[in-house]
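I've put the structures underneath this note.
Here chain A shows up in two complexes: once beside chain B, once beside chain C.
Presenting the complex of A and B:
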């Protein structure tokens, strides 16, 4: 019985999954069975938190991804080229095969003028124009993070820039990886799967089921407290944070198993409730993030 | 109250011990030391399990029983006082039936996707959960006045 608990596949296999997929993809590329794909990374209306998150990837790390799995054609945070030369690279890729990763929402108000991502032949290129030109021609479009997936913080009330999700602009399949930020594993795993087999299995909101299928609440290490009615009254209490507004029961993602900062800890592990950042509707519909003086104890 | 307080205190202490053990596990590289810490962890988990079993009968006994034959009738004004705030239960009406959302997991902090209790939420319920077998799992506390 003890042995079975130790080898619970939810804990062990989920963590192995991403490195297994990535290693398989890297091997297949080395063997020549599959080819490296071009990757275009558009940072649109957001905070660039998703690329920062990806740089923190481990096993496989970002270096494996960038050197052994894909050719990063354009990423304004990482590329050497700048100005006109960078924009030329961006628009030249539309003639070739590429996977498009988008982080950030798309500012749509006033013809998208609230987000200029560069100058091309003297013309300002808005995020709105970039997504409209690059989105339809990509072989896959991945919306990475809360803003790209659902508008997120960029589209939060009162949304002065008229920010929209990638799906609101593009009339095509968009794989969504919500999270603020997106976990590096969620992107690496999805990309590896695409390289190896094509589009992964998605749920009814186009999120890969390999990461977004189980409610946090269902595998939360503090679940026994909920079942016993033992609730935290303030931040820092080491029991179930349901009464102060935990969104784990409405957020289906694998944070309890995968954890963050190279699989070390996660909000609930540090006595802070889940704020539902990987659920659609974040942040406006997940607020208030903390509630005091709520319902009575059971 | 005192019994619950004692239980919480003991419980939290054990949880703190477990966290300390886990912290130490991260730090140690020595295989033997690691095994010792893991054994410790098992003991602490066993303690927790025992405490939980001893207290299983505690709690969940404060909810007022509702008889189906004599349902409580709510006016909209009455319903609006059950906001889930300041110790009040969180009641929500859907299609004329009043449900107690106080301990429904998806209503953490007595809010759910920006919605608050004390109201008739039939419209939004239909737009989000149409066809899902949710209502039958919720505790009923009464009906809305016709």
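Presenting the complex of A and C:
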């Protein structure tokens, strides 16, 4: 079963794609054929999970990204500057070329005052204002993670902060990388492609097809169990997780092949259901995450 | 002459924090720490399936998601009256321990080090007017090298976590009964191998690097003391076979260590933007409603108290209570305790791994009671984390969360006693008010996580008349 999946070149080559693109971009920057571009990392109404996920990146790792691929101008989690000096860096870049990566949704209630990201010249800057000032001027906008892409957990019912996706604020192309968090490869691959060639091929929801084209269910190593009607009744079972809540059948992303954290494991490999964190509608439309009522119909 | 210093954002922490300090003759005379993000998890959880709380509450925090998985799981087990096997405890505590390692390594190298080390100014991420840098060039260069080297090590701590937890951040492993999957011989052997490399890095680089920083910044042993009240819910403890590998629940006050009594925990909203029938309540009593017009309020963080007093929580509290670190209480001691704790946690994980029985399946089919109450109290990376939940009609009807940073960066009650973070800042001498590097160094020693501290439902408003004095 495992061999069958791995033997498909369409799947195995995918794993090499990100490092191939990144190495090509790094070489091209070294040779001066393309330029090292500025990157603004704007964390808004979320949990910081996507920058933490990016620190888990390998081939390219975060060091490659921050030293050889882009100039990170602003990132509240990692930048050395703080306070007014940090905010000056953020707003000064709007006069220059930059790629904007957003993690987190945008709290919109009460003029966005649920999320203040800093003070600039004595004025509190809301997430709402920051995205409106930085979004339109960016050369590319990448929504990283579920909250930025579609509201995500931040917009979970009853959405107390009035959280919105980046796209619902900006009237421009927003590349979306849903996932809770976003896999670091999905970002580094997309970014490398942009540096080399510009906007990658996107599907009808603006997700890069190189990562978001195939349903988990279609390449799941446990698919044969589904086809034969052998279903898990509890967590920890080795068969198909469909009846205890798996959202693999509605989630088009390459987790079964790419896996997580140095390709070491993934939710279904951990004997738990996919909860559809990389699909629009997460979490409300993906619940219940886990159910022991195994009457779900195939 | 009185000046007001505002730092917002305080970078290199998790979430959005402002420090608002009043300085007279270069001494901090008063300060307020303010959390500036709200999402409203407690409201969101109401009406959801209790089982979903484990994966849902992890999304409070991307840097310490396993902590919430632990507390929510324990609260559910309490509510459902489920006894957890030792093997189940070992498995999930290994996941939790890996999260400690990931956090402590990243906090020391990525968040703390740039306060003390000259970072390369040819990289835009590091460009800043850094002042009061004291390391000789050769040592400085070495620590910068380790800043980058550490990225591979913290990454492999998350890799360990994913071996048992499926992925990180936001793992799928921790669940009622222990974890979802089984540890095979191959997995255990892989974990030993990864742990070996991490341990070697901690011993050969992280501990010596901390000593280097401490050697050149001795004055920080006298700064940022706070109250010296410590509280812990305990962690890596109460195994039936192994006993307690780290710490049982204790508090420390006035030089006396006592067993923690959870009934003495209250929360107060006197200076936070909420109203309720009472300003002080027990965690299982009520979820306060937001009130943006409330006078005297200045933050979205509430004020947890033990016996009516503010308490510090976190690595220094734990190392102090366990008796393993009694050098002192200060900003530098907090940093040293965190690093030494990383070494200790790595050793604990090794013991747990050695006691795993390969292939043990700890999962069952669980059913939700129609009505129940449960609490999950556990010490996590940043300190004491509590989840209190109620179930009605088999759905969550009440969910209260008090996070470690809620303790450490707490607001004030009617007695106007500053929160532990505020207390640690008051009295600090600021060398250069145009660049008050001391404030960030002290507050970062608490490893604040504002995403956790301000998870609660509330509405916001502009902070009144803030001015920046430069």
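In this text, the second predicted complex is superposed on the first by the 286 of 298 C-alpha atoms of A that agree within 3 Å, B and C clash if a C-alpha of one lies under 4 Å from a C-alpha of the other, contacts with A are read in each partner's own complex, and residues count from 1 in each chain.
Going forward, a residue touches a chain if its C-beta (ideal position, glycine included) is under 8 Å from a C-beta of that chain, and two chains touch if they have at least 3 such contacts.
The shown structure was predicted, so the numbers you read here are calculated from the model rather than taken from an experiment.
Peer 1: Could you look at A:58 and tell me whether it touches chain B, chain C, both or neither (first, second, both, neither)?
Peer 2: second
Peer 1: In the superposed arrangement, does A:117 touch chain B (first), chain C (second), both or neither?
Peer 2: The answer is second: A:117 touches chain C but not chain B.
Peer 1: Does chain B (first) or chain C (second) touch A:136, or do both, or does neither?
Peer 2: A:136 contacts neither chain B nor chain C.
Peer 1: Between chain B (first) and chain C (second), which, if any, makes contact with A:287: first, second, both or neither?
Peer 2: It touches chain B and chain C both.
Peer 1: Look at the residues of chain A and decide whether chain B or chain C touches more of them.
Peer 2: C
Peer 1: Have a look at where A:38 lands relative to chain B and chain C in the superposition and call it first, second, both or neither.
Peer 2: second
Peer 1: Once the two structures are fitted together, what part of chain A is touched by chain B and by chain C alike?
Peer 2: Dual-contact residues (chain A): 237, 264, 287-288, 290-291.
Peer 1: Looking at the complex, which residues from chain C come into contact with chain A?
Peer 2: Counting only chain C, the residues touching chain A are 6-16, 18, 36-40, 43-44, 47-49, 51-52, 55-56, 59-63, 65, 106, 110, 114, 119, 123-130, 148, 151-152, 154-156, 158-159, 161-173, 175, 180-182, 190, 292, 361-367, 440, 451, 457-463, 466-468, 470.
Peer 1: Going by the contact rule at the top, pick out the chain A residues touching chain C in the complex.
Peer 2: Where chain A meets chain C, its residues are 38, 45-53, 55-58, 61-63, 66-67, 71-73, 75-87, 89, 107, 109-110, 113-119, 121-122, 124, 152-154, 156-161, 163, 180-181, 233-237, 260-262, 264-267, 269-272, 275, 277, 283, 287-292.
Peer 1: In their shared complex, at which residues does chain B touch chain A?
Peer 2: So the residues of chain B in touch with chain A come to 8, 11-12, 15-16, 19, 26, 52, 55-56, 58-60, 62-63, 84-90, 102-103, 105-106, 108-114.
Peer 1: Write out the stretch or stretches of chain A touching chain B in their complex.
Peer 2: Going by the criterion above, the answer is residues 217, 224, 226, 228-230, 237-239, 241-250, 264, 273, 281, 284-288, 290-291, 293-298.
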